[in-house]
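Next come the structures, one after another.
Below, chain A partners chain B and then partners chain C, in two separate complexes.
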Partner chain A sequence: MIATPYRLPAGGRLDRDDAIGFSLDGRPMSGFRGDTLASALLANGVMLVGRSFKYHRPRGFLSAGIEEPNGLFTLGEGQCTEPNVAGTVTELVEGLSARRQNGWPSVEFDLMSINWLIAPLLAAGFYYKTFMGPTRGAWMFYEPLIRRAAGLGRGVHQRDPDRYQTRHAFTEVLVIGAGLAGLTAALAAGRAGARVVLVEQDTLLGGGLLLEDAAGPAEDWRRRVEAELQSLPNVDILTRTTALGLYDGGTVALVERRDHLQPDSACGEARQIVTTLRARAIVYATGATERPLIFPNNDRPGVMLAAAVRGYLNRFAVGLAKRAVVTTNNDSAYATAFDLARHGVAVTVVDQRNAVRRELENKAKALKIELRTDATVIDVLGTKRVTGVVLGSTSGEAQLSKSDCDLVCMSGGWSPTVHLTAHGGIKPHYRSDIAAFVPGGYAEGQFGAGALTGSFAVAAAIREGMDAGRTAAARSGHDARASELAPPVLDSTGYGIESICHLPRKRNGKAFVDFQNDVTVKDLTIAHQEGYQSVEHLKRYTTLGMGTDQGKTSNINALVIEAQSRGVDISGATTTTFRPPFTPVSFGALSGRSVGKDFRPTRRSPLHDWHLAHGGELIQAGPWMRAWWYRWAGSTAQSAYIEEMRLVRTGVGLADASTLGKIDVQGPDAAEFLDRIYANNFSKLQIGKARYGVMLADDGTVFDDGTTTRLGETRYFMTTTTAQAGEVMSWIEFLLQTAWTDLKVHVTSITDEWAAMAVAGPRARAALELALPGEDLSDSKLPYMGCLEIKIEGVPLRLIRLSFSGELAFEVYVPADHAVALWEHILSSASPLDIKPYGLEAVASLRIEKGHVAGLELDHRNTLDDLGLGRMASETKAYVGRELRQRPMLHAPQRWSLVGIECLEPGKTLRGGSILFAGTDKIEGHGRGYITSVTWSTELNKFIALGLYQGGLQHAGEDIVCAYPLKAEQVKARIVAPMFIDPKGERLRA
Partner chain B sequence: MLRIACPLCGERDYTEFRYGGDADKRRPLHGTADLKAWDDYVFVFDNPKGPHREFWQHVVGCRQWLILERDTATNAVGVCELARALANAREDSRR
Partner chain C sequence: MLERKSALVGALQSGGRNGATGQRRLRIGETRGWNLLQVAAFPATLEELEQAVRPLLGGDLPTRLGKAISVNGRRLLKTGPEQFWIITRASEDLTTAFQAAVTQDIGTVTPLSHSRTCIFVEGLSARELLTTGIALDLHPNAFQLDSFALTGLHHTPIMIHRSGDNRYDLYVMRTFALWAWEWLTDAALPYGYEIVLPL
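Right, the complex of A and B next:
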């Protein structure tokens, strides 16, 4: 058994039959089930838990909860490493490995603590003043060094093997916090029959009740209420669960920690679960956080918050001291003093107030506690552990006295935990009677109860909890008659704070306000002197409240000091903005299962599996996985696509075009509808014919293109680009549902229902004739831009003679279920013609040779005229975008418009994105345009490109320079017409 | 999370919807040749703080375009109706 010198022989809420082994910096230690890492370390005698952020000062635990600024650890090993976790909220589990942070070579002996010697240099604004401004370059050099010297734990660059899960849930009443008020609220709503979710970040229910003696009457009450809640089937209790943020519509993000279950990711068990919970009513019972007092060297290990000391004593049975000084400005700390005295600790109470209530005074006397009023701690002695304090009087600089002690408990009052109530934008307001900020109000259907509202008394917490629980349940129609709940018997000391103010001391030694970020009173004074007076400026200049604890112990004290510096009343002050998350949350939990291949949904063509099984290499294109190139054509994309292009130009190839957007347009007004959304005419299109169409946006720029085929008098088959399919569908639904409701048209997306494949090349007709024997596919029956609807073995096919490649080509549409069968049928029946599949890279390259524009050219900034399509626009009808297309600037001669580009330097490469300059230009700045698409041309044996160029084809024949600064390349090229093959279109009409 | 009560599908997370702008702007009648009217419609927007009527489409639900009352300052949502129903009612009153 490993010795735990500070563990009391009895008491606490621990399972002493269940010993747990863990390690600190590799040293084995021992604790019990029910311990936190912090309580177990303290029981093992570890007071020094880290070095401070900037000055590398030795630090111990300040608190016992989520507000902990000092005791941050790196947990786990290897891939499971998790830095900056507060030991005070880490449940002790078997085998836990913890390391202390920010000390080199070790926290015990830290060479970096020489920063202390240059401390005057490290005050607020030091980094900025020294390294930014005129010597900006220096920052680039020093930053990595500074970041290494300052800082917290470090993460690892390895994949986290743990599993994280997300889920969605609903409830009628959500109660956040399971202290007195929260337990009561959950009970009231639960008894009324409402669906209740009670969340508590701790492992146990009880909140502040857990600070009470584990053998006392409060414990009976806590167990009784918990038992009743657990007996109610309509109440869900979630412990180890933090409400991270409050969002619109009563939505709450919860994170549940499950390390105590030792989840096995291989079996699919989640380490953490994030729940998006939608609640019809919310009761905030989030309690309050104790504030430190500010005095020189208030950060020494052994200076702790008073209630935390009481918690370590009563909940975790850790006796921290033989002689304790309890210093306070309110009554609450007396509870700690009394409990310490009862455990035989010699206690001195140092109360800043002039007088205390007689009742407390008598009780202190009975417990042999030395009580000093009008007194305050003005210095702390000891470095790695408190050895004593120097005391003075509050009112003046009377004689100082020294008092030996090994523990200082401090209480600067309590700050209600208003964070969640403020996430929706409701600013907290200051109540001077309790010297604290309380919620400034609640959104509809939301309520507060207990210490959060500033009601620190037991009876008030119960009453408010009851009221809030009942009102919340009533919102869902549950009969909320009053039910009784007697308050627990507590040895309550009351609160009795008078005011909070910072007492300036003429004493050396840093007085810390923000422990985690090493912000002292002096830093705040400097910031004030330099004009950073708004709390938001103060925060950013000093980094106060910007640590992982988000200033839970420091913000209010800083506001008080700032108000005093400005000579204004604190009641007019505002807090900084509270934002989610309430406490730190891992990226793993937030991303849940949306990692790797599941990062976002993937769309697959019905031919996906075929491509994979037959040498197809895939590429991601938006949400789609598409066949990029095939192994038959080469071993790299660069060589294969050229081979595939050659196949289409000289033989016949088959390409998967299933990703095209497909829309079925039906109704008596279908023709009128298409005339409105396309710039060119569709009502005069003959049945059985297809037409290329271009849509404009309302602002007159090109929106999308595609072909639309007239299948009947009132029925059209529209295709869109792959990328814009969803946008086009939403757009036409918008027009039909909000503006053109008189048109009798119905549109249906059939993108997923129909597969598409292109049969392209000089032998395309021959290939299809082999695949569809008996069908007349001659030029007279199925001319260019013709459509044929046929059936093969009962399956409907749509053959449309379209060409994207510029060759003789057919697009074949087939219901998706039959895509693989048809694809394989075409390949096998046309195998005598050496038909092969070709992929997206070849598709995109063939169209560049032909000069067809695609997504890279349609950038939502160019017009029909920019793309050389101006003559397509109808002169005789209205269409979307017609009016704003007439804007004069859209017809300026110097607009960037579509050109072809031919490489003039054999052996050099044109690159997409290259900046274009005229031959005489100096190569700098944004140039006159850029390359949008580039390919090797198998026909011309050189690199060719499409691009946008200022003035466009007015410059045809001129030499230009294509600059690619990222690779310091400049290539000579020439502007040509954007059609590199078959300008008369003889091939596609063959 | 904003929750939108779709008249056809019930109350859903806003992530099922897409936003479509100010619903009180009247689209000029199709074919209106008035450049100014189109310019106002496409480019000139109010940016109100407070009550706002706006288009939302239930993209992964019924695909209907809706008109939702939402307070831009508090994100409180009010009545949500089918845009088609409102447009038809407007047509009827014009007749």
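Right, the complex of A and C next:
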């Protein structure tokens, strides 16, 4: 309510009945609803908003929009701290806390600004040329200091408590930008009945119309069009929403900000929402961005873009000065001069051109504006605030003169905001008539309108918007007759740009090209002299355009300077590559709800809840949660798995095997199909029998293994490893759909359909007989590697007698919903035999004792022969990998192949990944192999392992050393056969 | 003795939540009591398959992908060029009958009743909720009544079926069911939801 020093008593697009309290560096201030942080600060007389990146020069706002390079703030406190947010696009909300950045102890009095003394050492590419001595390692001394001094704001390491959401959307017409052209396009498409989404990054619709007087024809037009758009049910208007990037297929990423709604994360409300929007047609109406002029000390607080000053005046009712200099190379800045003069500001126009349109001259005269042509600013006076300018002539002849002022408005012309149109790789091209880059083209179904295309005049913007909107709507079959839309009656100032970039004569003082990264004309000159002449090199060597503003006010000027240095015409120049995001976007918003444990989906066995409720400790294995060990067996993983192993070796245990990949294979060509994908034979497998199979990849290495059972003439039940189930499924689908389209066979994933449990141990049969009384489970009815299908109360059970552990074992499959009931039934029926559950750790360890290879050995580098499975390969049939497995390099005698390893030093541990050396080797380099899997053996009472060793079992009986350099350990061991227990398989066949 | 237990048994007991405005604008629950049979012909045998199953269904298999049809109380979906899903009441198990009628030279029959869990979402905000995870145009004119799609929910395969004006059935993989439920109820927080217990 209190009028602050720079707030005009009336005018602006503000709600003066809604005062908003906020703070700057802890100091309470106030503004109005409708303010940005920038406009509120300016209204409160805050001109100094930060210190620059390298030189710590005092800086003020340059602009009023997303192109702002200087006015970056740290918003929020504690966990909600967010650095480097542009105040010009931060909506003022109640309680906003803002802090200025990069000044110590304060931005007003910044000790770091003394580094202007060593400024010559901080020129472009300095870290490649300085801080290199006196000693060789000296750089690593300076580097952390340089890093600490770099950057603007500081982030925090606390967890963000707010909520973010991602979502999908579809539409027929997407209009990006709600200025004159965008509003018109949305209206045209909306009237035609198309589904329209109109996105605008600002809080209000209107774009350039918001620079005009808040009470006048522009505002009337704006409100009328907005009202009509809101009345159309097929039009969705998204304000506070930025289009971040254009992707293939008409896909655009949007980020919507909702801080103004004060979202409550406890109720699931998100503060930012990222939408992947797919549009049949897109209209780009993204407007244009004003360029600064380049002259010494053009970075002083109070030197601003001309249109921005007009915006602060007309939209936010902020009067910034008593005396203003407006310097320009084109007509558009005159609108600012005229509006300032109408508000009683003493204005001097410093026009770089020789002559000015009669109309503008007359108007200036009428408003008592001092007009100087062939004039240019050659220096700015004042440090923390502009106090005056030094003027000279563009042609360089005339005397210098001084002019007092407290505001400099500069306009170097306008650059169309082409970024989104270029994201797909279509480079913009230069139009010399407007001295600007415009879109070089559009993808199919995409169109441009208004200032983006170089059409700066009102009538052209409306015409283009209308055409684009209608054509876009027609792409979805909506008939769009030309509809009536009278343009707003605005003062037109024309353009008349000359000489896009007039460089200052030699004069002391830094002339900035890129404000955010402190890149001066001198830096560009140095870079050019050092040979960095391509625009890509120039960018990266000087860091121009690499800040949060991504060069929105510097790229084009730099291109012109570069072209001038090289003596070439700018029309042949190309811009650097435009990439998403258009403006900074937080990782939080992109992640949405995929954070923490929700980063990826969790896959659970049908027995998951049972494990949790009965002392099962679960472990993440890929996407799965698996029972790792149980508390009945011990209090730590290390002790429990040993007890569980003992249980299986001496009694009977029950393990959840439901995660195994299971595939239904059916059809007349099922047998032929399996013969082609497995290295061994399956077409001759008897019905009711199972067989271990190994699949090779195209290159002859082992891809996956599993057990496949023949259920009928043309029906098989295939299993894969847990880890590769998806890969195997994709692979065989790929083969059937591309290579073997003639085969009549269907494959269906049934991993979820069937639960699986292993009953294993010397008492396994006895246990199952207690659970399934009346079923004949004898060795003759269900032999080793046999399959039995039965029904219990109508529920199908499939028993396959195979063993991963090396003990007598049965795998029991049941449809998933019955899993818990069956599991509990087995446990309770067989409880007289002390049956208990055992987990993944024990499963993995038991199979090591048995010498079974598993995931750690199947690492896609090993062959069948490497793993001791060479004899499995069929000699008679064709199968995937057959040819390339014959490559000589895959049969080289010194290949690393599978061995067993026994620890010879009691009290020491073997470790997975240990590097193996012969007993006499020097312990250095890559050694002769490594350990793949390790376990404590309850049978042998020592640590054992599987591994790969050069020359393999030729070295059986030899002593080796297992080295683990990470812990500086060396353990003596011996090479043995990989099957540590029951080599004759008597337990299996019991 | 071998009773069935759904993957969502625990989750369904957790109770609904009020949304940001204090209301509960969605109803979420599990649909049980159905059987799912996948039936597929080979490219050259589609007609024979259709003829073989016609007497069992008392009607024709659908010819269009993407639209479910109801025939004699069963829902029929064409899920691929020669592939169909037949959803029946739990009391009816057509597996044996189909296996007899569809000989292996004509096609294949695969029971999948346990491989999926069916979660339904109902309410005026159902579409808005689903767009947070499903990349489909669910606009009522684009995804009309009885439309279905085989699509993805954060890299897990699902089948979504619009079974009512504002009701969607999601058939998710059983091993992902609890995860899908947690995702759904989390996305539903701002709207508020009621959990509908199965009958």
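One rule holds for everything that comes next: the second predicted complex is superposed on the first by the 976 of 990 C-alpha atoms of A that agree within 3 Å, B and C clash if a C-alpha of one lies under 4 Å from a C-alpha of the other, contacts with A are read in each partner's own complex, and residues count from 1 in each chain.
Everything that follows uses one rule, which is that a contact is a pair of C-beta atoms (placed from the backbone, for glycine too) under 8 Å apart; a residue touches a chain by one contact, two chains touch by 3 or more.
All of these numbers come straight from a predicted model, not from anything done at the bench.
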First, second, both or neither for A:328, with chain B first and chain C second
neither
Just to be sure I read the superposition right, which of the two partners does A:516 touch: chain B = first, chain C = second, or both, or neither?
neither
Report for A:268: first if it touches chain B alone, second if chain C alone, otherwise both or neither.
second
Once the structures are superposed on A, label A:30 by its partner contacts, choosing first (chain B), second (chain C), both or neither.
neither
Touching A:751, do we find chain B (first), chain C (second), both, or neither?
second
With the two complexes superposed on chain A, say which partner A:455 touches: chain B (first), chain C (second), both, or neither.
neither
With both structures placed on chain A, which of the two partners, chain B or chain C, ends up touching more residues of chain A?
C
Between chain B (first) and chain C (second), which does A:805 come into contact with in this model arrangement: first, second, both, or neither?
neither
May I ask you to decide whether A:169 touches chain B, chain C, both, or neither, giving the answer as first, second, both or neither?
second
If we overlay the two complexes on their shared chain A, which of chain B and chain C does A:276 touch? Say first, second, both or neither.
both
Chain B and chain C footprints on chain A meet at residues 276, 278
Which positions of chain A touch chain B when the two form their complex?
247-251, 276, 278, 424-425, 444, 676, 698-699, 730, 733-734, 737-742, 878, 883-884, 886-887
Would you mind writing out the residues of chain B in touch with chain A in their complex?
1-3, 13, 18, 20, 23, 27, 30-35, 38-39, 41-43, 55, 57, 59, 63-65, 74-77, 82-84, 87-88, 91
In the complex of these two chains, what residues of chain A are touching chain C?
165-170, 195, 264, 267-270, 276, 278, 592-594, 598, 600-606, 608-609, 624, 658, 664, 666-668, 713-715, 744, 746, 748-754, 792-793, 795, 814-822, 825
Complex contacts: residues of chain C adjacent to chain A
1-7, 9-10, 19-20, 38, 40, 42, 104-105, 107-108, 110-116, 131-137, 139, 142, 154-156, 173-176, 178-180, 182-183, 186-190
